[in-house]
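Heads up, the next two complexes both have chain A, just with different partners, chain B and then chain C.
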Partner chain A sequence: MEAKLEFNIQEKGGIVKITLEGQLDATNANSLLEELKKLTDKNIKEMVFFVKNLEYIASAGVRTLIFSKQKIGKNADIYLIAPQDEVLEVMKMVGLNNFLIIQDEYNE
Partner chain B sequence: MPKLKKAAKMENLEQMINFVLEGIKNKNFNGKNKFLKKLRLVCEEAMVNIINYAYEDGVGDIEIFYDFSEEENMFILKLIDKGVAFNPLEIKEPDLDLSLEYRQIGGLGIYMIKTIMDNVEYKRENNQNILTLSKVFD
Partner chain C sequence: MERIDIYPTHEHEGIRFRRGKPLPFGATIVPGGVNFSVFSKHATSCELVFYKKNGKKPYAVIPFPDEFRIGNVFNMIVFDIDYEDLEYGYRMDGPYNSELGHLFNKEKILLDPYAKAVSGRGVWGKVPDWNNSFQYRSRIIFDDFDWEDDKPLEKDMKDLVIYEAHVRSLTRHSSSDVKYPGTFAAIIEKIPYLKELGINSIELLPIFEFDEFENSRIDEETQERLFNYWGYSAVNFFAPKVGYAATGKYGMEVDELKNLIKILHKNDIEVILDVVFNHTAEGNEKGPYISYKGIDNKTYYLLTPEGYYYNFSGCGNTLNCNNPVVRNKILDCLRYWAADYHIDGFRFDLASILSRDQNGVPMANPPLLEALAHDPILGKCKLIAEAWDAGGLYQVGSFPAWGRWAEWNGKFRDDVRQFIQGNRDVVGGIVQRLQGSPDLYSDRGPTSSINFVTCHDGFTLNDLTSYNEKHNSKNLENNQDGENDNFSWNCGYEGPTDDPAIIKLRRKQMKNAVTILMLSRGVPMLLAGDEFCNTQFGNNNAYCQDNEISWLNWDLVKENKDIFRYFQKMIAFRKQHPILRVEYFDSGHNETGLPEISFHGTKAWEFDFEDPSLTFAIMFVAPANKYGTREDEFIYSAMNMHWEMHGFELPELPEDKNWYIVVNTDMESPEDIWEKGEEKRLENQNELLVGSRSTVILIAR
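Entry: the complex of A and B
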């Protein structure tokens, strides 16, 4: 079966850039989480999720964002860059829009 | 009502969701396209709860029924499992005012379902969990 989610994670100088494409749901959120967990010991300042090509996010994906803050980047700002309407709507539904930095672009 | 019975396993999730989405794709009602995207979310959240928690030994089925009543402009989705008694309406609602640091991980899925659908009903009958979700359109 074709992978529903493609992701890429890069960490440099405490800034993690995560690009997500496709659908982040209960079938694949754990594989993303496992990769993110490898960053637990680093001193992370920013976690930047690039989600322009993310079409769908379910609660399992939302949990990944919450977990990112709680377990990986306790002192980090969490960015959501260029979310599509559907993804933004889910963030509003669960009230996370006020606690994420949501921008059209990420300025280095 | 169209019906599908599948093993409650994550590998069947996509097929179970598509069974519902394909079924109402050809119906005509206001706001259909927007609702279909939200319905995917509703289906996933409800089915994943059953897949993850209903069967302690991991073996069991989900029965899925849906209907669209043209007379009442109402969509109904019914999910039945024979797993441990689980009333999702008893789960504490997430506090949406809390920042990420203090958020509880649980309860998000059922909260989404309740937000999107008009009515969520749970019954325990004959050792079955019966979850009925409905929404009326203009």
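Entry: the complex of A and C
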């Protein structure tokens, strides 16, 4: 069964806003990753993942976040905005909450 | 810079690949692809089989070209793999001749012995699809966990207080009050409790991938399923048990376990793994093909001359641990857990099997044990042996150690149990156990002795004082399974009772046991839940019980807070007194002019080591210089396991010192144990009355 993911990426002035909806897992993480890779040479200061409507995140999805941190924004802040409980819990259980800034809202 | 020298040279069904590297074994991410490498001495050909995640049918089968085999190793690099969505296995062809030990079957899809993650049992207890021809599926993992500044804690062995726990039992009960019961993640929520108790090392029952459905069966009466609950039966040695991870269903068990270890370390708690290398989950001749049996049966298992499995493990098969290939696999495995998971130590189940040669005969210098003892990567890991096996080998005190191996001291358990029960004949043993068992470990030191009264295997401490007989009928083996010689005593009634006298005696006996444990030199180990009277309802072999028999009932912490408090204060007492935590058997006269350890009868300085007795006392005298304390320390403990009260004449102290009472197991909480600084001065400094079946500890101030 193909998990459904919809995503939208916008970059402006070093700030990348990524909206994720649905389910991020092995079947679709690659397409997201391919899009994110296009940002590797840009000078990114902030990456903001809007995940209010992201229902769950599997290993592959977590890897895309790690990729974001390591390849795109080594010096950037990575935000996770309004994660659902399930997604937030996964982040905590695998120890990713350290390098993410987790907030309910994003203030421009 | 990306490498340009690794490029595909071959193509098969649209999959591009080239020659690989024979080392390391397993699947390793390399630039542009994945290197696959697998050993088989007797296979004639090998195929790599690729599935999509949860796929029923393979999407690709790539035969290894013969020129890709170097020696007995098949290897290739496959390009453009979506690692996250891949599950892989091998198919091997070769002879089928059971008399020669060969069981090749080219239809079977086999798990990679070096798989770092295994899918197929993602959620604990979820009945698998038995029609699926690929049950245990190798996965590729990433190496991107951020350990920050963590590393193994490398605590001194002498300072450990080990807490033995089953991942699921610890937090599965409804009283656990955790978000994801029964998981690695849930243990994090129990860390404040563990710190409050005072332990500094947690020893986890097996966490390598196993199949809880192995030999599982339904209890017709209750319709409950009995599981392979303890998991002493590895499917694979490199992958964590997915069903123990709350994130297992998302494929993140590796990260969840690493995160748990990192956070335990942050809280100054070491992690020891119970590892089972003596056998695998493939059972006997009739068992399933999972991995080794189909990859190279003759190499991996100990076989009789007729090709049958030796069964020194009691579990159907015996891993051929001293075969150089298998030995290296075990080494690779432990190095991996030490390096990639920051594991602090290992406890080897039925470790004596690891000393048997390829014909099953015990060796004087088993190469595997020697290699482990001297391994550079394991150089600071604790190595702990269960120094016996199910084939009759019993090596407590004689396990080949090279100065590195400690042992579960089964004699400690048996002597302490018998002594508190009132068996005067074991007093000579108790004298040894308190000193760290110099009779067993004279040339190795007290830290070779892991002291324990209870462990997962047998009665809980509460049940040790509540049952004379095992009550294992729920295991559906007609109460035939489990140990018969438990040295347990129900204190007058079999099972739970309202009788206040019996309840009081049981509590006293539990306190006596933990007092001897914490007072003894060597390394103490507690069974999780004993500190709050957890019960298994008389079951002394709960290996198959995934229910309230095994699950720790945390409501009991409130109900038995006196026992919890006693354990906590006794652990603290041990930590306060370095003379109890030593690496050498120093017992002779020291600079205080007194012996470091002395034994006394009811008369001071008079103790007949030959005479059976239920009353004696031990005194530790610690010079301040030697132990870095503010002043010389005196600890005197009188043990009266007789059913009558006895008076003990106290040894004389230096003029400026007086005896103060720390512990009296005859008293009710909170007067049974006094905190540091709160100890009560004895009115009579010459004689001490010790109640029936009681232990008293005094210190001098």
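Just so it is clear, the second predicted complex is superposed on the first by the 105 of 108 C-alpha atoms of A that agree within 3 Å, B and C clash if a C-alpha of one lies under 4 Å from a C-alpha of the other, contacts with A are read in each partner's own complex, and residues count from 1 in each chain.
Here is the rule we go by: contacts are C-beta pairs under 8 Å (C-beta built on N, C-alpha and C of every residue); 3 or more make two chains touch, one makes a residue touch a chain.
Given the structure is predicted, the values throughout are model-derived calculations rather than measurements.
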Exercise. Overlaying the two complexes on chain A, which is it for chain B and chain C: clash or fit?
Worked result: clash
Exercise. Which partner does A:N43 contact after superposing on A: first (chain B), second (chain C), both, neither?
Worked result: neither
For this session: In the overlay, answer first, second, both or neither for which of chain B and chain C A:N53 touches.
Result: neither
Exercise. Should A:N8 be classified as contacting the first partner (chain B), the second (chain C), both, or neither?
Worked result: neither
For this session: Figure out whether A:Q70 sits in contact with chain B (first) or chain C (second), or with both, or with neither.
Result: both
Exercise. Regarding the shared-chain residue A:I78, is it in contact with chain B (first), chain C (second), both, or neither?
Worked result: first
For this session: State whether A:S31 touches chain B only (first), chain C only (second), both chains, or neither.
Result: neither
For this session: Once the structures are superposed on A, label A:Q103 by its partner contacts, choosing first (chain B), second (chain C), both or neither.
Result: neither
Problem set entry | Common ground on chain A, meaning residues reached by chain C in one complex and by chain B in the other | 25-27, 56, 58-60, 62-63, 66, 70, 90, 93-96, 99
Exercise. For the complex, which residues does chain C have touching chain A?
Worked result: 53, 82, 84-85, 142, 144-146, 148, 179-180, 184-185, 245-247, 250-252, 255-256, 258-259, 262-263
For this session: Please give the residue numbers of chain A that touch chain C in the complex, ascending.
Result: 25-27, 29-30, 56-60, 62-63, 66, 70, 89-90, 92-96, 98-99
Seminar exercise, completed: Within their complex, chain A touches chain B through residues 4, 25-27, 56, 58-60, 62-63, 65-67, 69-70, 74, 78, 86, 90, 93-96, 99-100
For this session: Name, in rising order, each residue of chain B that touches chain A in their complex.
Result: 10, 13-14, 37, 40-41, 44-45, 48, 51-52, 94, 96-97, 99-101, 103, 105, 108-109, 111-112, 115-116
